[in-house]
Amino acid sequence: MDLTFTPAEEAFRAEAREWLEANVPVGLPSGDTAEGFALHVEWEKKLFEARWSVVSWPEEFGGRGASLWEWLIFEEEYYRVGGPQRVTQNGIFLLAPTIFEFGTDEQKERFLPRMAAADDLWCQGWSEPDAGSDLAGIKSRAARDDERGGWVINGQKTWTTRGAFCNWVFGLFRTDPEAARHSGMTYLLVPLDAPGVTVRGVERLDGDEGFAEVFFDDVFVSDDLVLGGVNEGWGVAMATASSERGLTLRSPGRFCAAADRLVDLWKRQAAAGEYPERIDSLRSDVAQSWMEAEAYRLATLVDVTGLVKGVSQGARSSLTKIYWSELDVKLNETALRLLGPAAELIETSPDAVDGGAWMKGFEFALSGPIYAGTNEIQRNVVAERVLGLPRK
Amino acid sequence: MDLTFTPAEEAFRAEAREWLEANVPVGLPSGDTAEGFALHVEWEKKLFEARWSVVSWPEEFGGRGASLWEWLIFEEEYYRVGGPQRVTQNGIFLLAPTIFEFGTDEQKERFLPRMAAADDLWCQGWSEPDAGSDLAGIKSRAARDDERGGWVINGQKTWTTRGAFCNWVFGLFRTDPEAARHSGMTYLLVPLDAPGVTVRGVERLDGDEGFAEVFFDDVFVSDDLVLGGVNEGWGVAMATASSERGLTLRSPGRFCAAADRLVDLWKRQAAAGEYPERIDSLRSDVAQSWMEAEAYRLATLVDVTGLVKGVSQGARSSLTKIYWSELDVKLNETALRLLGPAAELIETSPDAVDGGAWMKGFEFALSGPIYAGTNEIQRNVVAERVLGLPRK
Amino acid sequence: MQFAFTEDQLLFRDTVAEFFANECPPEKVRWSWDDAVGRDASTWAALAEMGVIGLTVPEAFGGMGMNEIDLLPILTEAGRYAYPAPLVETVAVVAPLLTESAPAAIAEKWLPGIADGSVIATVQLDDQPFVNDMHIANLLIAQRGDQLFAIPAEHVRSTPQVSVDGARRLFSIEWDEADAELVVSGEAALQAANRAFDRGAAATAAQLIGLSEQMIAMTVAYVVDRKQFGVPIGSFQAVKHHLADAELKVSFARPAVWAAAYGLANGSADVDREVSMAKCFASDAAEVVARKALQNHGAIGYTTEHDLHFWLKRSWALASSWGDAAWHRRRVAHLLLDA
Amino acid sequence: MQFAFTEDQLLFRDTVAEFFANECPPEKVRWSWDDAVGRDASTWAALAEMGVIGLTVPEAFGGMGMNEIDLLPILTEAGRYAYPAPLVETVAVVAPLLTESAPAAIAEKWLPGIADGSVIATVQLDDQPFVNDMHIANLLIAQRGDQLFAIPAEHVRSTPQVSVDGARRLFSIEWDEADAELVVSGEAALQAANRAFDRGAAATAAQLIGLSEQMIAMTVAYVVDRKQFGVPIGSFQAVKHHLADAELKVSFARPAVWAAAYGLANGSADVDREVSMAKCFASDAAEVVARKALQNHGAIGYTTEHDLHFWLKRSWALASSWGDAAWHRRRVAHLLLDA
């Protein structure tokens, strides 16, 4: 057991910290509005130019070939200085691992560098109006077009995060309507500027246009846009979903930074001297939230130790997903309780504490137990696949 | 809306209080051991002699014809002065309402007065080794014996509370093995001294012999021991079960008295001045437990207002059962947290606070979410029958 | 002993509920978010006509002369329909305060207007950082230490604050004592302010019960309808248990809220404790119900195109107004333990 | 960076686990409840032979000279098998304390005996009302303010106390300084006592992890086997979610306990915080797991004929020993917020 980093890793940290402290933008608006998104893309291009956008990727695709440990270090430093959530995350953290695993060399070369550079902006196309938790229930079809050498898509995707601002979508489409529920689907990459695609933004709980509905009306995609085998999309999608639950999407750095900000908020409120009873009564809750973030960091160190040795998380990634999503809610909720009657103020309110970030964070956190497979589904997975309880 | 009692009701309270304060025994041992049970029966006989054992029953059966309001008042006073849990409760609170509803006049005369007098001591025979939550899964059979005019029982009951000390058991037996799951059962009253009955005591979590297994080996019961119709036992049993969930078994008086004792414990601990931080940090928890007991009292007042007008609780009794059982756990748990490292001491330990009553109470409370239909089953009932969610 | 509402009270409630069903459907709440003022004068006037606005004003001043128990079912309906208007401030808090504590001249000046709907009143007690609906109010009642003042709205300088509930209108305010009339001072003022706070908290608790009941109803309707894996999601045991927990919370908060209204109406010696218990339970219940409602709606509930979010956000805002659950729990602890 | 045990550590753990599986089956725990002494000298001797008892004793005194990280998997197994003996006191607390803080004469007097199994040591720090296993101990280390003493057991007067866990043996004690040897005093003693407390808390946390894992395993086995309504009860979603919650609690407590051992072994500057986090999470986890285990066993788990109750009661007792979750949470709050 050794919880220290090597000198090389510490040097990596120092380099990242120096650059981030000098460059991380302050007070960027939410990336889930049209204007904010453009500013975020600008920031991510800057990250890319300094080769910090995808540190763990091979250098040829725009990364630094960083180890998982170094990736964790980078994330820690990124969020420590207040770096904003990545608007490219669904590409770089979800699609990219899937392309690395299933993509052809040509696909890797075509998509990964542009993704790293924030030239292509990717969104997910999983859910459909009648297929949310029940992903295998999707109905959007891709029909074979031998003549043109590709597929013709018809159907609809929904809850596509940042879909209104992206230019590519990846998703599952039914290519063999006769096949059983989990078969006959293919993982396709679809340009959102293709003829027949209509994108409609949908306003999210927090007022941002963070969702979109994507309609496909005879949209043609050529064979080179199939990721993995035809009719083998379910297995490919499961790899993506596992990334979504697991540590790549939610590095501990973000939660530890939020927990530190919570401690700082408590201290500022205590120093202000108002409502001392309220502040005092929340000591244990603040400590609990901080410890939960820290426990997540420690659990990640265990997982990464395993991953480095080639031991995959498997179904235990469902435990991870339940944990970070509930931690995120509790952490923001504790901050709101500290704020008392000022908790309800949002960004645009003159007296909002920390620019309304805690209410925004709370609203964002509430999506955690829902997306990427509801926590109810994840608890089923834990019971059945970690503990071995019977499915039926 | 009127939350005051009438002068007659207040007079009833005064009379009950005076008698109880003069007569309630102090420091009675647990009634769930052979020796303790005998002492409790003695106390209940005294209650009966002063006509306090079944206040809400008609006078002819040993009661006072008290209203539901008066019954609530009696229970409040009984527990306020520290009256012990009633070892006759499964008779007077569960079987008796069922006899009042389904019994013949002869059965009423035969059983009720002796029950009120604690001459007959009744236990429940519901569960079987393979039929716990799934009560309809019972297998114990009663075969018709036309010659003798009765039924011959074979089978086994289990988790029979105080079964080792009682002389009668009531329960469900399968009289038509061909019938569907919820049919073909008959509600029988069985003397435990009948030939062929074997009772084996089983030690409970808290070390008392509170459970029993009851074995039936060609036990004959005559037709006059059938309660309700032959093969109609399920409906009769459901009436008993509803009493078990609802307010008759768990009057608010008991929880309010416990909550007051918790407040008193807090004050004593605070006055002792040891571990002030622990004591102080539990202020809100003590208040929460006290309020939960009070909320239960208030909800009961609503329910009784309805019952008096003839509005039955129906499936909402499942809400009641979930609530009191979880309240009871939390209340005792809070007391144990107040005790810190002394929490683990039990009755026989010289330094046990309040004679180890809180740990005993905690252990007892843990049975609440399990018996009378687990709280998981009750939550299903609430969802399906109160809220109208689909069964399948 | 009768812990229930009278037939008359229930009839009045049904009338008001029907009125809200017609006049305050979700589209009206949505309008209130989008509109600059966001307050519908005609609905207020109609409620005044029905006697709702003057419910707590003495008959001598043109009101109904009713009490907190009569008002409770009305506020619950207002919560159920997420009605956006200062009922708590005007009807539950200011009218009784002026009735009980104001000199005759002040009472005569304002109470008839409250009763007929022409005066909208709002309130700020010490420790309340923001005022509701200052933009449409005619009268502000404000506490400064052991003094309570009546300030005509034109003398109040206000800065809008923005709530997560877009139908709420909050303001931070400033005013000068020169422009204010003293309502009451000294120990009597502190008592009046405490009573006003209790009334505001109990009234808000009543609204939270209605909000919670409505969120449960919306969620039940959704999970019965919504199918996944070929069955209604309401048939999954996890969904059932979420909703059973929600129902449990509301079922045991409701009687506590009734008892608080009863205690206020009857001058109970324990009214502070009764009110704090009500607000504590109602706030906790609403927060739990809101979480369960959103979780069981899933992504559809996470959009502003669906109506659920109006109820979620009103619940969050009201749960932390007039003292949050923790504040009231501490108050009960103080009353129980330090006596 | 390597947050895992070495092959050697895991091998040692497996050996000890196999030993407990053979020598400390549930019947042994049951015997420990029923027997007047309830301690099996031969098992202790065998563990000493294996090096477990002397694990933390320096090699110079015949021990293994190992640290808290090496000890952690062993204590987890001891928890898993509910092994009834003072491992925490003798191995985790007293041996390191004497090694670090005692004058040579005292260390030489007691440490070889601990290592070879002939000396059983127990401990009482300030604020700990009871001492474990005084009835079989040869040595008591006790704190009085800023002094730590070594007292031979024959000079300790003890009164048995009775724990809900019948396999535990608690005592309240008295002793005279005339019979005691001073181990260390002043600031050094306070530091040693604090370090001893941290070690006891972390070691108890490790046992709670093993206890929790075992309760989950027992419950999984039961719900897979037990049928109601014609199916295994483990197929009901409510049962699945109970057990998933239990697994979640243990999964995120476990790394915290490892980190505490690491912090102790490496003299971390934040060791107090690391230990308190470990004990807080392990205590909370064990309490949740115990509740879920009993609830899912139903009535069978509520009898003493079934083995589950041994684990439940050990969990309750250990969760509130060496500081309960709330105590340690307050300590973390102090370290985080008052710095």
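Labels for the chains are A, B, C and D, by order of writing; each one numbers its residues from 1.
What we mean here is this: a residue touches a chain if its C-beta (ideal position, glycine included) is under 8 Å from a C-beta of that chain, and two chains touch if they have at least 3 such contacts.
Every value quoted in this text rests on a predicted model; they were computed, and no experiment measured them.
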A-D against B-D, pair bridged by the larger set of C-beta contacts: A-D
Rounded Å distance between chain A and chain B, as computed from the means of their C-alpha atoms: 52
Rounded Å distance between chain B and chain D, as computed from the means of their C-alpha atoms: 39
For chain D, residues contacting two or more additional chains: 236-239, 241, 326, 330
Interface hub residues of chain B, defined as touching at least two other chains: 281, 284, 376, 379
Chain-level touch network, classified as line, ring, star, complete or other: other
Of chain A, residues touching chain C in the complex: 127, 130-134, 137, 158-159, 202-205, 207, 211, 275, 277-278, 281-282, 336-337, 340-352, 359, 363, 366-367, 369-371, 374-376, 379
Of chain D, residues touching chain B in the complex: 127-130, 159, 161-165, 168, 170, 172, 227-229, 233, 236, 238-239, 291, 294-295, 298-299, 302-305, 309, 312, 316-317, 320-321, 324, 326-327, 330
Contact footprint of chain A on chain D as seen in their complex: 1-6, 69, 216, 220, 223-224, 231-232, 234-235, 237, 239-241, 243-245, 247-248, 251-256, 258-259, 262, 266, 277, 280-281, 326, 329-330, 332-333, 336-337
In the complex, chain A residues that touch chain D: 1-6, 9, 69, 263, 266-267, 270, 283-284, 286-288, 290-292, 294-296, 298-299, 301-302, 304-306, 316, 319, 322-323, 376, 378-380, 382-384, 386-392
List of chain C residues in touch with chain D within their complex: 236-238, 241
